[in-house]
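I have a structure I would like to understand better, so I am pasting it below and will then ask my questions one at a time.
Order as written gives the chain letters A, B, C, D and E; numbering starts at 1 within each chain.
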Amino acid sequence: QETVVWWDFLGGGDGVRMKQMIADFNDAHAGEIVIDGTTLDWGVPFYTKVQTSVAVGEAPDIMTYHASRIPLAVDQGLLQELTPADFDAMGLGQDDFAPSIWDAVSADGKQYGVPIDTHPIVLYYNKDILGEAGLLTDDGLPVGLGSRAEFTATLQALKDNSDVTFPLGSVTADGNFMFRTIYSLMGQQDGELMTDGAFLVGDNATKLENALAVLQEWTNEGLQSTYTDYPATVALFTSGEAVMMINGVWEVPTMVDLEAEGNLFEWGAVELPVIFDHASTYSDSHVFAIPEGNDMSPEKRAAVLEVMSWISKNSLFWATAGHIPANNNITAMDAYKAMEPNATYSSLTANMIYDPKTPMAGVAGPIFDVMSTYFVPTLNGEMEPSEAVEEIIYELNDM
Amino acid sequence: MTPTTIRRINWMGGAFTILTVLIAVLWAFPIYWGIISSLKPENEVVRPYIELWPDTLTFEHYWFALTQTQIGKWYINSIATSVGVTVLTVSTSLFAGYAISQLRFPGRRVLWWLILASFMVPTQVLIINHFVLMANMSLLNSWAGIILPQLIHPVIVIVFKQFFDQVPKDFREAAAMDNASEWAVLFKIYIPMNWGVITALSIVTFIWAWNAFLWPFLAVTKTEMMTITVGITQVFDAFGVYYARQLSAAVLAGFPVALVYLVFQRRVTQAITLSAGIKG
Amino acid sequence: MADISLDTVSKSFGGIKVIDGISLEMKSGEFVVFLGPSGSGKSTLLRMIAGLETIDGGALTIDGKRSEHLAPGQREVAMVFQNYALYPHMTVRGNMAFGLKNIGMDKSEIDKRVEDAARILEMDALLDRRPAQLSGGQRQRVAIGRAIVKEPAAFLFDEPLSNLDAALRVRTRVELAELHQRMQSTMIYVTHDQTEAMTLADRIVVLNNCRIEQVGTPMDVYLYPATRFVAGFVGSPGMNFLNAELKGSGTDQCVTLGDGSRIALEIDVPAGPYDLGIRPEAVRVSAAPAATTGKAAVVERLGDRTLIHLHLEDGTELTALDSGRSNVVSGDAVHLEFDTSQLHLFDAEGIAHHAK
Amino acid sequence: MLRNTKKEWLIAYILIAPFVAIYALIFVYPTIDMFFLSFQDAPLVGAGDFVGIENYERLPRDRRFGTAFWNTAYFVALTVIPGTFVALAISMAVTRLSGRTQALVLALFFLPYILPVSVVFRIWDWALNFQFGIAMHVLDAFGMDRIPVFKTTTWFMPAVAFVTIWWTCGFSVLLFLAGLRAIPQEIYEAAALDNTSRWRMFRHVTWPLLWPITGLVLTIQLILQLKIFDQVYLFSQGGRPNDNLVMVYYIFQRAFVNNQGGRAAAIAVVLFIMVIVISVINFQLTRLSERRK
Amino acid sequence: MADISLDTVSKSFGGIKVIDGISLEMKSGEFVVFLGPSGSGKSTLLRMIAGLETIDGGALTIDGKRSEHLAPGQREVAMVFQNYALYPHMTVRGNMAFGLKNIGMDKSEIDKRVEDAARILEMDALLDRRPAQLSGGQRQRVAIGRAIVKEPAAFLFDEPLSNLDAALRVRTRVELAELHQRMQSTMIYVTHDQTEAMTLADRIVVLNNCRIEQVGTPMDVYLYPATRFVAGFVGSPGMNFLNAELKGSGTDQCVTLGDGSRIALEIDVPAGPYDLGIRPEAVRVSAAPAATTGKAAVVERLGDRTLIHLHLEDGTELTALDSGRSNVVSGDAVHLEFDTSQLHLFDAEGIAHHAK
């Protein structure tokens, strides 16, 4: 029997689903393979641990990773290559994944991970309150998703409704998280972080400033929660204090579970509103990877590959965690197409954008780190957007 | 002052006492608040008003922490490493302190000065090198790796030395007249005589070791090897609203030291003053 | 019980001589007291005998055996320390048995000795207590018991009473004297308290400045002090010292005091200036005009005696001892008479000469 | 005493051997190693290249180093003297109580000290939570604006300093209490007979007699707070760590997050030297003031 | 200088009475000593006068002014503490000036008083030292100086000599007596040392068990103790107590001791069993057979006197005082004579009756 040591950073509603999948996997492979799973804190702490554990040869056998961070990981030599033979063994291949996703796990023509999903951010909303306020369309969507003015008007209308504390719940205390929203808003203006290895070239800086300005306006007008950290944001939304919330699809199961317990209002999730020119949503992928720095027996490696393969092929269940499975065969299934609320926001797959492919990018990577540092003061009105952009450019170029 | 001064002072003293007690209660209130919050259902926890006693008292979060997390293993790790640090630190320091205090040997002064000097050096600056050293010795993620770098407590040697210095040399001489060997002097006279200090220092060393954060945090990359103080901040369902759960884990982590303190209050107090070089 | 002899022993600490060629014979069964002021080397000398200090030069013989190179435990002496040095974590029994256990003595023999000692010292009931549960006097006895069980050749005491309060000190002093009478063992006893020395000793060794000033019975030392130092150190209230001029010779010898008064005496020294020593009890208050007159400054009534602190006409201070019912009051002019047989003259070197 | 020198040496060496071995391995060697590493361009684990003083040369230009340095200084300023005063005030209040009341009050003040930092973090993170913290409800009740204490640079250091004082001042309180108990009651009685007012009693009797302890507390606090890491690290999580860097945090970030062992070692050396210099100055000051007496 | 009077004052600590309705008048300029064993309430009484302990009931009048509710600083008394309680961080000058500064006295007046006090106590040269740089005796003087500068109505001393070594204690005692003679101020002095009480006091107040046992001059207290307690507490060596039976009346009154010997005496009490008290100096060694005979157990030679600890035939212990040159040695049978005018009988309640 092989024990596969597994690390992930899936702590939210999707973490519960992943634990279920691990349990299912263990049942299905009783006596052959057993997964010994650990969930670590998301972000910097997780990647710090990975880095040090690889450095000292104490790495796990398999871990989740963000596709956006793979270039950095490859650069640091943290990951083992997955050879074509490995893919054969898994019964998976390029054809099973969308090209953009496949590309995201490749570097120098080699593969470093098995993508499992894409996970964009979406707009969650409280149908009960919006309905009462008359702000729900006939399709049951919030009104005003079409433009900045309309959406702001919706928020303002909610604000004027005295029962509402926060029209919008945003993770304003955590720059790491806000990176997703802001990068989405840049995408709506076709902005680029990196152009040929240079940062925020040309009017990209202005686009960033625009994105920040919108969010700061919402803060200044009292339309969104300030200094709210991640758990508080979720709590504000689920307790009804915030009517809408921008968050990852991975919080879907939280809602589903609370609703099942009868502890939640009528809710929905939809693609981000179009604030600027066109729809665009930042997205990333969860990927399975095998870290360097652990001497695996061929048997162990085979077991690890089996884990990856099994989860990829069974990722219909993973879709109940809100994510969009990366495996084309799953998304093609009817069962998936009927799944709610995934269906409501499935349209956004066409509008997804990804991090630039560079060792500077990625969750908890250097760009991410520098930018997030300036988001918190800006979003909470401590710093002017223009000043923030200036500082960001200075620091990015200083790296 | 008027002839009624004495009475007025008494009255003011009473008021002052009540004030002191109130402030003390307020001082410890956050601890109470943490504990009481951990006993509320999650939806009560986030109610937007102050609720000093839960509507529904629940142990579900404790149950969750104890069954769904590795807190049991962390407890074992914490106990094993804290006891290890305590036993090793106290015993090596005891022997060293005794030798420096009572025996004459070449190198004694140099050793003493080194210890005094290292008293000021922050071990925090050595984290990198400790990490590399432990990695090279393949001790990361092991109890030994957590314990070893925590063994530098020059202050314990200093306290022991001072204590042994204070033992009147009459005892040593009485023992010599009693035909006691050098070992008998140490084990049958000096150690039992100073048992109070030894336990006091052991208790604070234990508390320090239990509360250690930085090094155990760095030295362990595997969850099952974490100590409880590190574990509760590292491995948690950060995504999602589980304040009460986090608090229940915190209560579990703080409980043993709080208990040790409440039981050995006087010894802890004594050891703290000793560790600052004040004779209790 | 043993003879102990010191032969020109000496000792230095870091180049400073603290014992300077001392020779001394102590006979078996004798109670010898080392008396001297603080720092005179009493403890050092005792500790050299015990083996707690090395002997730099000279020979130590205990019971006929050369002992200066023996370890403390092997010299067959037992010591009672000033602070008793009882092991606080052991019971009284444990304290007494510790030394015997260390030499691997039979358990039954140990028990026997401990119980015998406890009986002698009347502390059977205390055997299972710890030192902290004992009073000062009881601790003192345990310390002695710890010495007794070893059945040593000699007992060494280093100021064993100095930690007791005044009343207990007096009582324990008497007990110690009785113990010595009963056990008849050699005892060497260090003290700076002349009363203790006087009351306990068979022979007193007066030490000063690393040297022996005088060796003699208590009354010898009191009545015929060898030096001015001894005269001043022994006796309470202390001896009066007055500047005096010895004149004449043979039967018309006399000394003149500062106030001009003359006292006839008989003594075998050449005329010249001396310090005249006279104990307060030899200065008597007389009803009729006598040798000289003083003014009572302070009168201290002790009940059984009265001390009168006087100033002679020239300001010389003098203390006289009067009976308990003395009717002198402060401010009185008092006639003084001197017991001429108790006069001592001290020459420039401090050597004493006693009047006949 | 008669001593068998050879045997005594042997016993002494046996007794000190374990300590010396650990000391050499865990203290002496890593200290030397730290200096070597600071002259290298090296990852955290693994070989590096000698680069001379490059790692040091970077520091003056390094923004984050500046942040870390000044934040550390700021933190020390916020904790050392205020913390000492709070402890002094508490101990003055506690020392006049007696019996059970005193034991209870002291226990309440001291309890935080024995808690692990992560527990302290959880407690205060919860009490000061911007959305749900009890402190915010209290502010609401007084009609004041809520304060996002751990999320703004203005409030972060003062708040962490406050929590640190709350957490550690029990230690100083004990020292002050020992100091206060060491002042003989008779001195106060003499002062009472000397017509001393309350203020003059504190100013001219208690304060000067407590000064040695105050000096000790200040020294201990100073050296301790220079090494601040745990609280800052924990409270920064999910916030804005780069604004809140302190020295040890920066060492950690360079070494463990950025995998730059050499650069981290250079920062460590700087902190090491800072602490040593401060200790030596402090030691000299104490000696001076002692000699003056 | 002031009269101080206590009128049925009492005091309890946590329900336990430690001062039980004590009334006492102290006249201006008097030197009153509170004498008693440890725990008898001496310090408490003194501290009640000083204002350091509250007075639970009764009245305290200082210089005609009701004072029990005044703060300590306002009672015009100064206190010298056992451990001196000097402010260690102030110079000698600072120590003496502190109390004066507190009441906002003129700087020049302060300087004058400090310097006067320093002159009286002969410590001009020490004014700029700190207490740590002074010897025990010098500290003692500073403490007194601190009291003097306040020109108080009364000086209160709580065992001021107990921290000095024996020799210094005797010397300082004399100095204190001289100081009192010079200053003529009211002084209340607490001690458990009967010698100090005897030598210093104008009047002694003997306390025992929270009560006054006797108030009287030293010689009254010594010669005519009011109770058995006083008789035993005052005098060193202590009074002998023997079981005795008083028989007869008028001129043929006599007491029979345990050994059967009879002593004739004249006393105004009914026949019956009593404790017979007799001081050692009233027990005389006689050459010829006398009242009774004892066996010398321990002979303590003090030089000027000799204490003979005896056992009478029936085992009763008795101490006799003999001259310094006594030739009694331990083991001798000794004839004893009693000075019948110094006999005391104590009845069952401990009340003393003195022989005529």
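Assume a residue touches a chain if its C-beta (ideal position, glycine included) is under 8 Å from a C-beta of that chain, and two chains touch if they have at least 3 such contacts.
Since this is a predicted model, take the numbers as computed values, not measurements.
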item: Touching both subunit A and subunit B (chains); value: D
item: Chains linked by the largest number of contacting C-beta pairs; value: B-D
item: Per-chain CA centroid nearest to the all-protein CA mean; value: B
item: Gap in Å, rounded to a whole number, between the CA centres of subunit D and subunit C; value: 58
item: Cα-centroid distance, subunit B relative to subunit E, in whole angstrom; value: 54
item: Inter-centroid spacing, subunit D versus subunit A (mean Cα positions, whole Å); value: 39
item: Shared interface positions of subunit E, touching two or more other chains; value: 51, 71, 74
item: Subunit D, residues touching no fewer than two other chains; value: 1-2, 44-45, 129, 131-132, 237-238, 256
item: Residues of subunit B touching at least two other chains; value: 46, 48, 131, 135, 173, 176, 218, 233, 238, 243
item: Residue ranges of subunit A touching subunit B (in the complex, touch as defined); value: 5, 10-13, 15, 38-42, 45, 49, 52-53, 55-59, 230-232, 234-235, 238-239, 241, 250-251, 254, 263
item: In the complex with subunit B, residue positions of subunit C that touch it; value: 47, 50-52, 71-74, 77-79, 81-83, 85, 87-90, 98-99, 102-103, 146
item: Subunit D contact footprint on subunit A (complex, rising order); value: 41, 44-45, 47-48, 51-52, 55-56, 76, 173-176, 225-230, 232, 235-236, 241, 369, 372-373, 376-377, 380, 382, 395, 398
item: Subunit B residues touching subunit C - in the complex, by the definition given at the top; value: 168, 170-171, 173-181, 184, 188-189, 192-193, 195
item: Sites on subunit E touched by subunit C in the complex; value: 166, 170, 173-174, 177-178, 181, 193, 195, 198-199, 218-219, 222-223, 234-237, 279-281, 297-298, 300-305, 307, 309, 321, 324-325, 330
